[in-house]
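In what comes next, subunit A is part of two complexes: it sits with subunit B in the first one and with subunit C in the second one.
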Partner chain A sequence: MFFNSLHFAAFLPIVFLLYWFVFNKNKSWQNSLLIIASYYFYACWDWRFLFLLVFSTLLDYFTGIMIEKNETISKRRFWFWLSIIVNLGFLGVFKYYNFFATSFTELINGFGFQVNPLLIKVILPVGISFYTFHGLSYVIDIYYKRIKAEYNFIDYSLFVSYFPLLVAGPIERATHLLPQVKVKREFSFEKAKEGVHQIIWGLVKKVVIADSCAMYANEVFNHQEDMNSLSLVLGAIYFAFQIYGDFSGYSDIALGTSKLFGIDLLKNFNFPYFSRDIAEFWRRWHISLSSWFRDYLYIPLGGSKGGKWMQVRNTFIIFLVSGFWHGANWTFIAWGLINAIYFLPLLLLNKNRSNLEDINFRWNREGLQTILHIVLTFSITTFAWIFFRAKSISDALLYIKNMFTNLNFDVQYLGNERYSFELLPLVGVFIVFEWFHKYKTEPISGKYENVKLLFCIMAILALGVFSDYKEFIYFQF
Partner chain B sequence: MQTFVKHILKIVLVLIVCAYALDFGFTYVYENATPQNKVQYINSLKNQKFDYIFIGSSRVENSVIAEEIEKKTNKKTINLGIKGLKLKDMSYIIKLLKDYNVSYEKLFIQIDYSFNHEEESSKFFSFELLPFCSSSNMIINDYLKNTKENYLFYKYIPFLKYTGSDQLIGFRKVFSSLKNKPSIFNSNKGYEPLYGSSSRKLEKIPNSANKKNKYFSEINTFATSENLKFIYFSAPISLKSENLNYFDELKQNVPQLHNFHNVISEDKYFYDKLHVNHDGALAFTNVLIEKLKL
Partner chain C sequence: MKRFFKKIILFLVILFVASLLLDVIYTAIISHSAERNKIENVIHTSNKKYDVVFMGTSRANNHFVTKVFEDKGFKAFNYGISGSHLFETSLLLKLMVANKYEIKNLILEADLSICNEKRDEGTTARFMPYIHRNEIIKNHYKNEADFYQIYYLPFYRYIKFDNKIGFREVYDVAAKKPTNTLFNKGYYPLISHKKGNMKNDISSLKVIRNKYYEEIKQICKQNNIKLTVVMTPMCQNTKGLDYFDKVHQLYPEIHNFENVITDDKYFASCGHLNDEGAKIYTNYIMNFFYN
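Now for the complex of A and B:
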């Protein structure tokens, strides 16, 4: 069930009405309904993988309690590692087994031996990376005594399987979400209204921006050998907006949906393409994942302590693991590596925390410098996206080579019967709109609320891509 | 909660009003502006007279140069080839031409492996016809009823037809129409050239030809009852394609067929295995002029 499907358009109002009018007696009723709805939501993809979700929930629920109950370090450590190994084991088998088997075989074959990889035919369960990380953060926090274990199984189950965040995040923390599910939610008009507006804005980003950009980006990337420099540059830009519109649109719909049930989720995007350096970009892009890696990997590795060398090592580990988290392909690892390289100068010059304050733009020299930094950061980010989008490293390298050597900047007529530049005005309008609303949770608010609402609905209807539902990119992770 | 329900109702109302307004605007543009697709093009031909009309799939659209025929024979010609067109679609187009009072001396109908796909229809033709589904035209309504599963939803839910096929009849096409962008159909009389070559994967030719096709019979009956002259032909195909004996079998089942599948043999004339490029189209058009004595 996609957030942009008619199925979801029917599912959401039904759950909303049941939640506030039938199951509103106490928080247990509310939570029970949300769990049933979440399991149904997940089963719509593949009911067989429900067992995995239930198993993951049970595992972390029990190991969390056992860690808390046991006072000896060895027993606590046993339950802690049991949870970590089983969670990562599932992730490893379902997501990475074939990658490691193929890579290992290629390595062996490289030495002149002839070995066939032993591959398993397995479908990647939707959202496994997200709910595994939910569970991991919970268990790690209990182990380090940052939080208490949750003894109410219904409350804990909802924390893991809450449908707005189940398949593509944001990756929630027990410290943020559990306190909210432990109390009865009261209806708030302002919150619900903000939620609806955020859903509408998320749909604009998904069906108008991301899916339109996808039509062009796919055409360019799938026929890159026939493309000239201009089309290749445009293809990369379109993909940058495709992935941003797709994932931040999904997050907006998730956050908005959750507000309808009186629950706030973590903000996942903060206008990342207006970042002035790559460090700021990573504080604004997929915030829940970046902060997860910071708290559960970077800091345990020593973080910024231990001198520059340790910082550099830890930064590279974080980016490589982050790349690998996105998918079992060398392209994602290369994407992570490139971002680590971008980050390196800032780290070495101690400038990685120099753009912490909001952009205060003025039309003067400083303002122009800000624009220049934003454009530069966007350019290098877009360059890295080429690796993220390409099917293989060699495809990505060929794409870049053609982009810099073809040097033909004529407008091309693409195989989808559109000119390569045609989408630029739409992308431009989107950038301007985002720029003027960059301090807001959702732009459909304030002075011209009704006019903006009208334009968003018009845009979804008239400019949206609905021909076949386009899957959200981050579902595959 | 009451305030929230009112707010939701306001949004739903805005949605419905927008849907009606956009539906009205888009449909008005499709019916009246410069044609941007073949269905609009056919719609713009009302009450015109032609000597020759060619209909068929993209293998006609990309291979018959109407202007070349006009230049060589002095006969008014148009190419009504549409991507993916099947005999079922053609039978309706023929009726539509009559309904639109489009007269012609000869109608050339392309037949090939689509002879086997009796109940299939062209998604291009069916989607491009959707803007006209609110009209009272019986032929269009009958066709859409027979091809579109959600016909009634498309007909009665405002704007649904445009969202369901936004890539073919969406905003972009309306915008082009509004700009009065000259369409390729008007300037080339329906011919759409392909340049160079492509390695795209296409449909395979079936192993054997069906004995009959009910829409072919329907077209024949229509020709007899209306006293019209229909000529059947097949378009060129790369000789590297598999199952070429299909065309011999088809010729046995449709004796009146002019089998031109092998008249173009050189690779340089093909865009892909099933379509000729512009040079191939020029060569094929001259074959048609000569062999069909146009």
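Now for the complex of A and C:
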């Protein structure tokens, strides 16, 4: 069941009505309904993997309690590592086993031996990377005594399986979500209205921007050998907006849906393409994952405490792990590495925290400098996305080589019967619209909100891509 | 909660009005066009007279060279539609009859399409703007699973088939952008290129008694149209070529001309002849039936 499907359009109002009119007696009733709805939501993808979700919930629930109950360090450590190993073990088997098996046999074959990889035929359970990280943060926080273990199994189950965030985040923290599920939610008109607006804006981003860009980006990337420099540049730009529209659109729908049930989720995107340097970009892109790696990997590794060399080492580690988290392919690792390299000069010059304040744009020299920095940051980010999108490293390198050596900038007619530049006006309008609403959660609320609502609905209906359906990119992670 | 429900009702009203408005605009613009594809051309014209009409899939569109017949004094047109199935061919023929087309001979390409009774989404899209104002189209789609959504939900048809009758098509119609569909009297010549796929596997296709083929036969009988049904060539590297014999066994009236051309140099892809091959094939057909 996708957020932009008719199935979800029927599912959401039913759960909403039951939640506020039938199961509104107390928070246990509310939570029970949300768990049932969440399990149904997950089962719509593949009911067989429900056992994995239930197992993950039980594992972290019990290990969390055992860590808290045990006084001795050795016992606490035992339960802690049990949870970490089993959680990462599942992730390793389902997501990474085939990658390691193939890479290992390729290495062996490189030495002249003939070995066939022993591969397993298993599909990746949707959302496994998200709910595994979800549970891990909970157990780690208990181990380091940052939070208390949750003894109410229903509340804890909802924390893990809450359907708006179940399959593609945001990756929640116990400190943020658990306090909200532990109290009865009261209906708030403002919050629900904002939720509906956020859902609609998320749909605009997904079906109008991301899926339109996907049609062009796919055509360019799938036939890159026939493309000239202009088409290759445009293909990379379209992919940059495809992945942004897709994932931030998904996050908007998730946050908006959750608001309908009176629960706030962590903000996942903050207009990342208006970043003035790469450090700012990573503070604005997939915020819940970046902050997860900061809190549970970068800081435990020593963070920025141990001198420059330590900082550089830790930065490279989190970017490589972050890349690998996205998928079992060298392309993602290369993407992580490139971002780490981008980060390096800022780190060495102590400028990685120089753009913490919001953009205060004025039409003067400083303003033009800001625009220049934004364009530069967007360009290098887009360059890195080529590795993220390509099927293999060699494909990515070939793409880049052709982009810089072809030097033909004629407009090409693509195989999908469209000119390569055609989508630029739509992307341009989207950028301008985002720029003027960059301090708001969603752009519809406020003055003329009904007119803006009408325009958004018209845009979804008239400009949305429906027949050439594209799954949300982050579902594969 | 009352305020929220009011907001939701307002949202639904906006959604409904926007859908209705867009439906009216799209229908008005698209149905204004008569030259961008063969379907709208048939819907918008009447009283045409033909000695020979070709119908079928892309294997008709790319294989029957209308000019070969015209040069021999026949008034002909190729109504083959790329991607279509017999489902749409039957509907198009019904529309021709309703619009008082006088057709003496219909040459129908029916081979690979015999195994399929489903509709083709791309071709179906072209009929959708007319579903409310044309009873024949409405009745033809009446038994489809999504008929009620398509017929009663405003704008649903334009969303469902957005890649064919969406915003781009509306824009192109409004801008009066021409297409080449009606050039060469409907025949679309193909050229061979290096990347042409020269292999095919049709061994899984199952010959069935196709109800739309039966429907076409019935329409021709009722309207005194002489129906000739043929199969057309496939490239050498095709697995399961006995499929054509099976079609002939079930329907002996369908002429098996699959092996009229066998040399791959006459093919643009495995299932499609190039222009040179199409001319040889059309000459063969004409000599076979009209000499």
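We adopt the following convention: the second predicted complex is superposed on the first by the 475 of 477 C-alpha atoms of A that agree within 3 Å, B and C clash if a C-alpha of one lies under 4 Å from a C-alpha of the other, contacts with A are read in each partner's own complex, and residues count from 1 in each chain.
Everything that follows uses one rule, which is that a residue touches a chain if its C-beta (ideal position, glycine included) is under 8 Å from a C-beta of that chain, and two chains touch if they have at least 3 such contacts.
Bear in mind the structure is a predicted one, so any value in this text is a computation, not a measurement.
**Student:** Could you tell me whether subunit B and subunit C fit or clash when both sit on subunit A in the superposition?
**Tutor:** Superposition result for subunit B and subunit C: clash.
**Student:** In the overlaid three-chain picture, which partner chain does A:236 touch, first (subunit B) or second (subunit C), both, or neither?
**Tutor:** neither
**Student:** Tell me which partner A:193 touches in the superposition: subunit B (first), subunit C (second), both or neither.
**Tutor:** Touch partners of A:193: subunit B and subunit C.
**Student:** Is A:20 contacted by the first partner subunit B, the second partner subunit C, both or neither?
**Tutor:** both
**Student:** Which subunit A residues contact subunit B in one complex and subunit C in the other?
**Tutor:** In subunit A, residues 20, 187, 189, 192-193, 196, 418, 453-454, 457-458, 461-467 are touched by subunit B and also by subunit C.
**Student:** Taking the complex as given, what residues does subunit C use to touch subunit A?
**Tutor:** Contact set of subunit C toward subunit A: 1, 3-4, 7-8, 10-11, 14-15, 18-19, 22, 121, 155, 158-164, 166-168.
**Student:** Contact residues on subunit A for subunit B in the complex?
**Tutor:** 20, 187, 189, 192-193, 196, 200, 215, 416, 418, 422, 453-454, 457-458, 461-467
**Student:** State the interface residues of subunit B toward subunit A in the complex, per the touch definition above.
**Tutor:** 1, 3-4, 7-8, 11, 14-15, 18-19, 22, 159, 162-167, 170-172
**Student:** If we count contacts the way the header does, which residues on subunit A are in touch with subunit C in the complex?
**Tutor:** Per the touch definition, subunit A meets subunit C at residues 20, 187, 189, 192-193, 196, 418, 450, 453-454, 457-458, 461-468.
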